[in-house]
Each structure stands twice: as structure tokens, then as C-alpha cells.
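Labels A, B, C, D and E are assigned to the chains in the order they are written; within every chain, residues are numbered from 1.
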Amino acid sequence: MLVNCVAYQKGLKLADIRLEEISDYVERPDCFVWVAVRDPSPEELDALQQEFGLHELAVEDARHGHQRPKIEEYGKSLFVVLPIIEVDGSKLNTGEVAIFAAENYVLSVRHHAEHGFADVRRRAEQEPELLRHGSAYVLYALLDAVVDRYFPVIDVLSEEIEQVEQRIFAEPPARDSIVALYGLKQKLATVQHATGPLLEATAKLYGGRVPTLCSGLQDYFRDVHDHLLRLNQSIDSLRDTVSTITAVSLALITLQENEVTKRLAAYAALVAVPTLVAGVYGMNFEHMPEIGWRWGYPLALAVMALIDGYLFYRFRKARWL
Amino acid sequence: MLVNCVAYQKGLKLADIRLEEISDYVERPDCFVWVAVRDPSPEELDALQQEFGLHELAVEDARHGHQRPKIEEYGKSLFVVLPIIEVDGSKLNTGEVAIFAAENYVLSVRHHAEHGFADVRRRAEQEPELLRHGSAYVLYALLDAVVDRYFPVIDVLSEEIEQVEQRIFAEPPARDSIVALYGLKQKLATVQHATGPLLEATAKLYGGRVPTLCSGLQDYFRDVHDHLLRLNQSIDSLRDTVSTITAVSLALITLQENEVTKRLAAYAALVAVPTLVAGVYGMNFEHMPEIGWRWGYPLALAVMALIDGYLFYRFRKARWL
Amino acid sequence: MLVNCVAYQKGLKLADIRLEEISDYVERPDCFVWVAVRDPSPEELDALQQEFGLHELAVEDARHGHQRPKIEEYGKSLFVVLPIIEVDGSKLNTGEVAIFAAENYVLSVRHHAEHGFADVRRRAEQEPELLRHGSAYVLYALLDAVVDRYFPVIDVLSEEIEQVEQRIFAEPPARDSIVALYGLKQKLATVQHATGPLLEATAKLYGGRVPTLCSGLQDYFRDVHDHLLRLNQSIDSLRDTVSTITAVSLALITLQENEVTKRLAAYAALVAVPTLVAGVYGMNFEHMPEIGWRWGYPLALAVMALIDGYLFYRFRKARWL
Amino acid sequence: MLVNCVAYQKGLKLADIRLEEISDYVERPDCFVWVAVRDPSPEELDALQQEFGLHELAVEDARHGHQRPKIEEYGKSLFVVLPIIEVDGSKLNTGEVAIFAAENYVLSVRHHAEHGFADVRRRAEQEPELLRHGSAYVLYALLDAVVDRYFPVIDVLSEEIEQVEQRIFAEPPARDSIVALYGLKQKLATVQHATGPLLEATAKLYGGRVPTLCSGLQDYFRDVHDHLLRLNQSIDSLRDTVSTITAVSLALITLQENEVTKRLAAYAALVAVPTLVAGVYGMNFEHMPEIGWRWGYPLALAVMALIDGYLFYRFRKARWL
Amino acid sequence: MLVNCVAYQKGLKLADIRLEEISDYVERPDCFVWVAVRDPSPEELDALQQEFGLHELAVEDARHGHQRPKIEEYGKSLFVVLPIIEVDGSKLNTGEVAIFAAENYVLSVRHHAEHGFADVRRRAEQEPELLRHGSAYVLYALLDAVVDRYFPVIDVLSEEIEQVEQRIFAEPPARDSIVALYGLKQKLATVQHATGPLLEATAKLYGGRVPTLCSGLQDYFRDVHDHLLRLNQSIDSLRDTVSTITAVSLALITLQENEVTKRLAAYAALVAVPTLVAGVYGMNFEHMPEIGWRWGYPLALAVMALIDGYLFYRFRKARWL
């Protein structure tokens, strides 16, 4: 579905154009076209390939989606695949946007993602002095937008981790918490599989041999790279936290088992000892003086209570109860 | 066993040729020969070595099979060993294809693998404009085919992991699941030992100093490398998942032990306390007023039932039962 | 809040100047301005950006705080973000100082940190022969001060670890110790996230292509780098220690469970065996010779005591009690 | 002990020579001497150092043995230390061979190793067209022989691991298996300490700046390197397998504990409940109607049996028994 | 405390000199001064700094001690910090020696270390042909001496590990062994923190751009590096062993718990079943034919013994006892 198709000149919007006009504008030297497409049909992609003259292999990747995040050079053009992660209740949805960028055009192809880039376009159009940098600036703006949208995802996960942490340290660790930790680890892996390769890829946009398209905006691309570094550090740290909590949980569970065992043993003793006393006085010997005593029975009960009282005191002191 | 032996010129099939004719065609400047062999006899390999003039050490590797995946240069020719993994019921079968490639020939030697490359040849013959690139394109097509066949293997493993995961989180982890996890880890290692070294090896086919044979098709070899990157990331992620599930299982098993211990203790208490009461009234004291009561016996039973009722309520509330 | 704003010439203080005068002094060739700001308002930052001509992206980072530690070049100026870690009771507070440095100025912007850099300024002013090196020396002095303040933090953590260690090895490991280990691991991660990236960043200030600002003071910056190496080694070692203690604790807890189980079993036996004896003499057989014996009852008690005595001796010997 | 001392010319054996003649032959331009020594006395080594003009530090290493595997250049000569691993019952014996090689000589000094290199010499003498390459080819042949002898060692370990694996998965893991796993891990480490550094060292013999001695035979040295890569991959994979089995064993042991606990509890219940019933009818109340019944006793026994039958059925269904 | 202060010329001792004469001798072109100091007072260090013209930052490091092992270049001079580890009963003491070396002098400053370098000086003076290499040879000799003294430390630790290993595999693992493993891990870390950075540092003394002072003696410094490689490999291997033993211990402890549980359960059964039988015959039913039997009582006892005998046989067979 074609979302937007606009030609720009010297940082200002020239006109909304039709898909068939693209090739005309692309050839103009001082002008660039910015097209946004969403979940395109094969025919739309074919038409766009025709208009922009895109490389077969790159279009193939954009067609199928579910690619690895990457930034590839095809001659003077760049092909960028950026994963989009959206929080959907307790799940993470993964879509992606494929961006084709060259001197005279930027084409973004969005897959399986709710949230579009209309706001990026709006902001760019309000800053003509920056948009004047041309298609490279648009590429930066899209990259920056995608990367900035990872931060709230991390914040959500970070909060969930904190909740699990509190739950585990407050009461003895339960099945739910362990399963939640597993879920969190999987979600963190999802985000890391998005940001890790991007970190590597963006490094090539500002240091060493920079693609000609990006030269002049290196400080901006370094800033994106820096945000990704921060993200990755956060993810590493959260993953580490989850691992540590898992290990600590195991220790706490084992510790709790110790405590349960001790408590059980204490209670068992409180029952077993009087049972022994009762057993003794249940013996059928003919000569058991206590049996005949007037106060034998209450005395036996008192002895049982006394022993239990003493045991209870000892167990309390040893913190078994 | 010789499967196929065809000469091509300018992207078109010239003729099916006999093994003895190979050396004639190989010397023609604008023509290349594409030979496919399967589990060859030593004599066949000797003949092929003669015809193509292959290097001793490379032929030695192709003869024995079970080599490490690799891409080696012998002068202007390339020697490639690609592992082939085929799902066979609950097992993974590992075969391999060794490819000798130079300007004028491609020779593929398949070992222990069911599925051949007839489809690759068919598709290549249908695209003469690509086959025109010569033997390098055939090498690419074979590489691409082998790598693409790893994806369904990963999908199968990924599905098995999901099943184990569900089983472990649904009911308490059982012996079967643990053993299944071990099996999955071993299978993942098998796939990783195939794709890991290939990833390294293919990197040399498009970046830095590229073998002359491959120059001009770098974008294609980069695409293969990109697929391998994706595969390796999937495998890493699955391995990580298996490790995490194993760790989580241990925690769940220990947790379940806690719960079993508690439940047992609760039931033990429900039996032990009435036993104590019965023991008390089994004592032979002469002066036990309750003994003589008309309703002593039913009262004792009622006391037992009451205590057990209370205990049951407490254990329920504490979630021990 | 503006803390200090001073112009220096040839290593000597020239004058306290007003914010509006900065741009005048910055243009003088042999003079540099050293400004310290704390938790600045947006307006203050805008004014400083104006006066010094700072880069948009750097100012943006300084405005928001909570950046990754880093050293970035913007043309001939350096932008440095240094985390500040302060021990606050049992917590670690993390602030940061952002430093803009160029030939003619040093501007430090402190966020969320109690302890300022007045002492650095005082010491620098007392050593005019060093301050003569200009703004690069001030940058070094600030870096050195920040890095030196990490050492006491590490000392505090190191001491806490030693206490937990002693507690765990003295008595059986308790819930508190495990939770404390988790807290320590988190704190160490906090410090490592500060010093790790700094280590990487400072390496660029003395080896390879050094920023022109820093050339001539490389030995000094190498010294800072060396301190960071030492810090990172300490942190790695402490993290390792915490991991080892956690693993050892798990073994000790499981071991203790063994011991508790054995002790419980021993006590259970001491009660169960006499209960069996009592049960035997509680049987109602008509022909039980012992029943009629004169000393049957005390004898039975003696048998119970003897068996228990023997069991106790055996358990002691086997170290179950 | 001198094993062999032969001079070769143009790939053919010239003569068996005496130790004192070595220096004469070494000076001839088209000839090389191949000497094999086993566990030499200090005097022999001194004589050889004299004859060949070997470097002090290298001889020192050869004298003491137990060196790290390595390949060092001393001017135009190479000094190579290769570990030899021999399977001796259930143990691994580690010896080593130190090789001094230069244009005109190869000297191998074997320590603590049963199996010599007579077969290498015999094969080399049968292939004069290869031996014609001179001392470098001999160095290759020795390297190749040493590396090829690691494979059967790995096979033995691999088989042992498979046996332990089967034992652990067939029956519940026992003390023996755990200790065997530990032994295997230690043996794998022994092999890895031999092959790991060799892998690194051999890489320098075919890529980048190659020692002049080895140039021309790079394809051969690459082949050795490739074998070492394969070995190291196998070792890594086996180590990983051992680690996984250890982790899985722990889970299986804990799981087994769960099962034992449940089974015990079930049997305890089968005894405890009838005991309670017996206790009830052991009470001495005067008014217990059942006591006087004609069939009271068999009925009580039947009730006990019925309850136990029901419990048994329930435990079976819940898989506790 | 000044230990030694000697001037050398052409490999021979010239004279014992006074501290104040140092600067005179240092200026002579063909002569070098070798000074050894132990735990110097601040004044001594100041005097030495004056005499040799040492760099402020290096002296600062030598003054405080407890530096990271390192080799730093200050212009044409080298500053080396070497940790010294001495076994003191069951503890490891860590001292250090800081060495300042340049064309014309070597100054060693020893801190917290018992064992000095008098033997190094003696041996060097006995080999004038080596000492002729000048101060670089002295630097090598000191490095070599320090590194060689690490080996016995490793041997001691290795032996301790073997003892713990035997103890753990002989009898069930005890608290002491676990704590000993922890102590060993800490000691190994201490040694690794000494040798690890040295390994890195010494690599710069023989490969790549070598400090001018060391050129000509590269083979010697490579030898030191090789020893450090060997040391580090040993330490890695010992650390790995300790980790494996810890993991194996956990498995053995859990296994032992299983066995204890089973044995307890077996003994419990041997007591519980006769108790049940006794309970049955303790019931007060009026019509219990066995009660009236002549041999009822001995028969009941026999039944108990028989059941216990059978159970005992079964438990033995199942290896629970």
C-alpha cells in the first residue's frame, strides 16, 4: 500500500507525485523523492523496482521480510533493513522497515508494523535547513526514529524485571516468577537480535570508509551509533540481571527447601515424642506402678506437654520454627 | 557414480559429453564444463583428477569425505567443501559436497547425501543471462542451494524446541524432556559445525582480496554470506534458548521438590496427629475418666476428625495442599 | 547553576568573568576560560552554547544527562561524558559530568552529583607550571579526579564482599547473604558500566591518532588509562569473586541440607525404635511371658534406653549428630 | 640416544653418517642431514649443538622438555616443539618432540614417547620426488605425522564419552559416571593444550610472512593447519558435550531425587494409615461397639487392606509408584 | 633502603659507588649503573629521581606500590612494574619490584618482598660476555628471575588442587573441601592478575616496534614471553580444573543426598512395618483368634522379623542399603 510519495527540492516539499512520475523526478539533479510503502503487493514492488532501478537481490530481501538487520551498499545506493519492535500487551511484535536510499531518493518499505513514519516526515518538513542535506538526512531521520523507538521497549522490559525481582526477594520464589524470567530472557534476546547487528552496521556509516551518500552527516550517524551502544549496554546489563536472578532464585529455592525440611522435622518431633510416651503407657506389663496412680493419666499428659514445650522452645531458638 | 557431465557455452547447454572428452572442452576458452558425481569410486576420482588436473591434497580431501567445511584456493582454482544436513526422522544425517571450481569447470562430488542438485542445474539452464557469468555463477548457485537447505532443518529444530518448552512449562519437567533437550543441543551443534566455518569462509568471497574467479559476482556471494549470518544468529539464539530452558528446568524441578515435600508433610501430619490421639487413649492407666464415658469413643473420633479438618484448612490456606 | 567562570593566561588566573564575557576571552589566542556549571537550566545551556559555539548534538547529550561514558571529537573540540559514582549509605548514586574542551576553553556540566571539582581548580591554580599546558591539562585534571574517585567506591564494595564472604563461610549461608550477593553484583555492574567504556575511550587520547588538543600530554592521559585498567581489573576480579561465592554458597546450602537430613533421620530413629518396642509390649496376646515378670516394665524401659544409647553412639561416630 | 643420522641429496639417501661428520655435510650446498635423537644425554645435545650451531635458548628448551607447543624462528632456522600424546590404558601419556630445522638439516629430539618416526622416514625415502623439496618437506612430514596421531586419541575419548552418555541416560546417573566425566574433561584439556597452541603456530607457516624455509610448501602446511582446525573443532565439541552431560546429569539426579521422595512417601502412607486404624482400635474406651462384634477384627483388617488398595491405585495413577 | 649501587663497564664491575656519584657515572658513554633499593623512604626516592632524572609519573607509581604489572616507555627509558608472589604458609604474599631502565642505568625498587635479586647480580657478574650487552641484559635477567619464581608458586597450588581433588573423590565432599576450592580459586586469581598483564606487556619487547633499549635482545625477551605463556596456560588450566571440581562436587553432593534419603527410607521401613504389626495385635477386639494362641506372641515376633528380613534383602538388592 502506497502511504506517501513526495518530491523535495532544496529542503522544501515540491509536490505529491504519482508512482509513475517517480522516474522523472529522480533524474532531476537538485531534487529527491521520498516514498513510503506499507506491506506492498508484489506488483507495487515490481513497479517501484522499475521506477528507481533497484537491485534484484535487495528487492528480493524487501519482498520476503524477516531479514537480518543490515546496511548494504549496492553501488552508490544503500539498502538498509531495520527491525521494528512494538510492545503488544505482554508480547513483543517484530516488524521491519527496508529502506532504499540513494542521492535522489529514499524508499521505505514497512512490514508488520503498526506505527508508521508520518511524524518523521512532518518534523523533517518543518526543518528545511536540515532537510536541505537531501536524502541522507532522511535516512538519518528514519534510522534515528527507529532506534529511538527501542528505548521505551527496553524501559518496559526493565520494569518487568524489577517486578519479578521484587516478587522473588519478597516471598519464596514461585513457579510463575521462574517462567516470567524465562519469558523476559526471550524478549531481551528478541531486542538484542535487532540492535546487535545494527550496532555493527551503523559503525560503517561514520568511521573508516564512509558510503559517499553519508559523508557530511557523519556526526549524525555517530549519534545514532552512540544510541545503539547505549541500548546494547542496557540490554547486556538486563540480560545479566536476569541470569543473576535465575541463579539467585535457585539458591533461594534450595535454601527454602532447607527451611521447610527443618520446620517439618520440628513438627514431626512434636508429634512423635508424645506418641512414644503414649506407647510406653500402652504396654501391657502387669507391674507398671504408674498405671495404678491416681494422677497417672494427667501426669502422663503433663509430661507430654512439658516435653513438647521444651522442644518447641529449642526449635524456636534454633530458628527451625 | 557420474550423475551429469555437460559443456556450456555463453550460458547455453552445448552438449552432454563423455568423461574422456572433458579435457578437450576445458581447454576451449569460451566454454565451461559442469560435472556432478555422487559417491565416486577411487577410479572415477583418479580419472577426473587427470581430466581436470586437480591438486593432490584437494582430491585427497574429496576422496575421504568428513572434512571441515572450507573454501581453499589452489592457484587459480577453488576447492570448496560444503556439509549437507538432511533431517531423517528424529535424526540428522550429515553428508557433504566437495566442489572444484575454476574458470572452465565446476566439479561437484557428493557424499552420503540423498538430495542432489538436479534442480539447481535445471534452474540455471532456464536463466541463460545469469549462466552466462560462467562457472562462478554455478559455484554461487550450488552454494546458495546448499545454504538454503539449512533453513528447513533449523525450522524443524526450532519447532522441536517449542514443543519441549511447552511440555516443560505445562507439567512438571520429566526425564524425557531433559533428555530431549540434550538431543536438541547436540543437533544444534551439528548444524553449527556446518554453518560456522562456512560463514568465515564465504566472507573471503566478496570482501577484501577476492579470488579472481569470484570477482564480478561479489553481490551474489555477499547474499549467501548474509543468509549464513542469519542462520548462525538463529542457531545461536536456539542454543541459548535450550541452555536457558535447561537452567529453568533445574529450578522448576527443585521447586517441584519443595512442593512435593510440603504436600507429603501435610499428609503425614493428617495421619500422625490422630495416631497420637489414639495412642493416648490406648494407654492403660486405671484412672482415665474419658475411657468410661458413654460417648468417649465417638468423641475421640470426632476430636481426630476436627483436628484433621483444621489442619487441612490451614494447609490449604498455606498452599501446601 | 553557574559555579565558576574564570579566565586563565599562561597558567595564571586572569579574572573571574561574567557569562556574557566568555566569547571575548575565548577569542584571545593565549588565554583560556574554565567554566563549571551544575544542573544547568535550559536557558543557561543555551547561553553557553552561544558563547562557546558548541555542537547541537553534544549540547543535546549534556542537556539530558544519563548518557553513556564517552569521548567524542567534534572538529577540533572534544566532548567528554564522565559518570560520577557516589556511595550513599548502602546505595550507589550515579551522576555525571559532561566536559566540552577545546584550545581556548573547558566547560564542565555536572548532573546529579554532590561532590564538585573546586579542589581540582584549587590544586591546578597552585601549580602554574602545569596549568600553563592550557585547557588540555585542565581536561586531564578533571579526568584524573573523576577516575580517582572510583577507587574508594571499589574499596567499599570490596569490604562488603569480604563481610558477606566471612558470614557465608562462618555459619550456614542464609537468605540475607544471598540477597546481599545479588545487590553487590548489581553495584559492581553499575561501576563497570562507568569505567568500561571510559577505558576504551581514554585509549584514544594517548595512542594512535591522538586528538590535537591532547598531544603533548600523552604520558598524562596514559596514566589515567592505566588507572582505569587497574580499576577494571579490580572490578572483574570482584565480580568473579561474587560469582564464585554464589556458586560455593549453593554447594554449601545443598551440603547443609544433607547434614540437616541426616541429623533429622538420626533423631527420628531415636524416637521410632523405642516406639516399636512399646508397640510390641502393647500387643494383647494372652501368652506373653515378659508381661507377667516382676521387672518386665523397667527392663523394657532399659532396653529402649540401651538401644537408643547404642544408636546415639553410632550416629555420633558417623557424624550424623 | 642417537636413533638415525642420514645425509640426503636430491631426494635420495646419500649415506648413514657419524655424528662427527654432520658439520661437513651441513656445509654442502645441495645436501641436507636428517638426525633423529631420543631422550638424549646432555653430552649428546652439546655435541649436536656444536655440529649444527644451534641457538642457546632453543637447546635449553629441548634439554628440559615439557615445553609449550610452539614454532619459533631463530634467524633462518626454525625451532618447533610438538607434543606427543599416547593412549596408555585409561591414561594419556604426554611426550614431546623438539625439531630444529634449517636449509641443510632437520634434527628431531624425542622425549617420553614410545612411538618414533621411523615410518615417516621410510615413506619419505620412498617418494624421492617429494623429498627433493629438502628439509622443509621433512619438517612437513614430521608435523603431519604428529598431527595425524592425535586423531585416534580423539576417537578413543569420543567413544568413552558415548559410553558415559549411554550409561547416564539408561539408568539413573551414578557416582562413577560423574567421576568419569571429570576424567574425560581433564583428558580433553590435555589434548587441547597440545593442539590449541599448534593451531596458532602453524598458521604462520602458510599465510602472511612465511619463514623462508617453508615458502614453496605452503599448500602442505595449510593442510596440516586444516587438520588441526578439524581436531580443535572436535575437541571443542566434545568438551561442550561433556559440559552438557554434566549439567543434564545434575538435572536428572535432582529429578530422580524427586521420584525417590515420592515413592518413599507413597510407601510410608501405605504403612501409616493402617497403623492409624490399628491405633484407633487399640484405644481402651469401654464403649466401642465394633470391639464386641463377631467379625470386628477381620473387618478392621479388611478396612486396612481396602484403604491401602485404594491408596495404591491412586499412587499408581499419579505415577508415584 | 639502598641494597646495592654498582657501576659496570664492558660487562665488568667497575666500582661500588655512592648514591651521589650516580649522575657522574650515568653520563659516561660506555658505562652503566645498576642500583637496587628496597622499601625506600620518600627521601631516597627523591634523591634517586634527581640522580637519574626519572619521570614524575613513574616515580609516583614506584612510591605508592600496588600498581598493575606493566611496561611503559617514557621517552628512551622504560618503566617496568613486576609483581612478586611469595608463598607464606597457606597464604600468598604479593610484593612488587619497579624497574627503571635506560641506556646507562637500571634501578630496581623492591616493595613488600622477602627474596631479593642478589643472586641475579652474582650470576650476571659471572657472565661478562652477556653482561656486556649492557642495561638491557640486566633488565632481561631481572624479568627472567621474577617470571621463573612464579613456577614454584604454581606447583604449590597445583599440588593443593590435587589434594582437594583426591579428598572429594575419595569420600563424600565436605564443607572443608568446598571452602578450600574457593581459597584456591582466589589464589589462582592472584597469580593470574600478576602474569596476565605481564604477558601482554612483554609481547611489546620482541615483536612489532621494539623499544630501542631492547633491540638486539629480542630472542631473550621472547623467551621470557614464552615462559609467561606457559604460566598462563597452566593457570587457565588449573582454574578450569577448580571450576570443574566445584561443579562435579555439587553433583556428587546431590547424589549423596539421594543415597542418604534412600538409606534413611529403608531404615524407616524396617521400623515402621513391625510397628504396624504390633499395632494390629494391640487392637482390643474381643474376637481375635491369634491372641489366644499358645505361640501367638512368638509367631508375631517371627512375622516381624521375617518381613524385615525380606525388606532388608530387597533394599540390599536395590542398593538402598
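As a working rule, a residue touches a chain if its C-beta (ideal position, glycine included) is under 8 Å from a C-beta of that chain, and two chains touch if they have at least 3 such contacts.
Everything numeric in this text was worked out from a predicted model, so none of it was measured.
*Asks:* What is the graph distance from chain C to chain E, where chains are linked when they touch?
*Replies:* Each step joins two touching chains, and the minimum needed here is 1.
*Asks:* What's the overlap between the neighbours of chain A and those of chain D?
*Replies:* Per touch definition, common to chain A and chain D: B.
*Asks:* Just give me the whole-number Å value for how far the CA centre of chain B lies from that of chain C.
*Replies:* Centre-to-centre distance between chain B and chain C: 41 Å.
*Asks:* Could you tell me the distance, in whole angstrom, between the mean C-alpha positions of chain A and chain B?
*Replies:* Roughly 25 Å separates the two chain centres.
*Asks:* Two or more other chains touching the same residue: where does that happen in chain B?
*Replies:* 250, 254, 257, 261, 268, 272, 275, 279, 282-284, 288
*Asks:* What is the order of the chains around the ring when you begin with chain A and head toward chain B?
*Replies:* Listed round the ring from chain A, with chain B adjacent next, the chains are A, B, D, E, C.
*Asks:* Once bound in the complex, which stretches of chain D touch chain B?
*Replies:* 169, 219-220, 222-223, 226, 229-230, 233, 237, 240-241, 244-245, 247-248, 250-252, 254-255, 257-258, 261-262, 265, 268-269, 272-273, 275-276, 279-280, 282-288
*Asks:* Can you list the residues on chain B that touch chain D in the complex?
*Replies:* These residues of chain B touch chain D: 55, 57, 67-68, 70, 72, 74, 173-175, 178-179, 181-182, 185-186, 189, 193, 197, 246, 249-250, 253-254, 256-257, 260-261, 264, 267-268, 271-272, 274-275, 278-279, 281-284, 288, 290-297, 300-301, 304.
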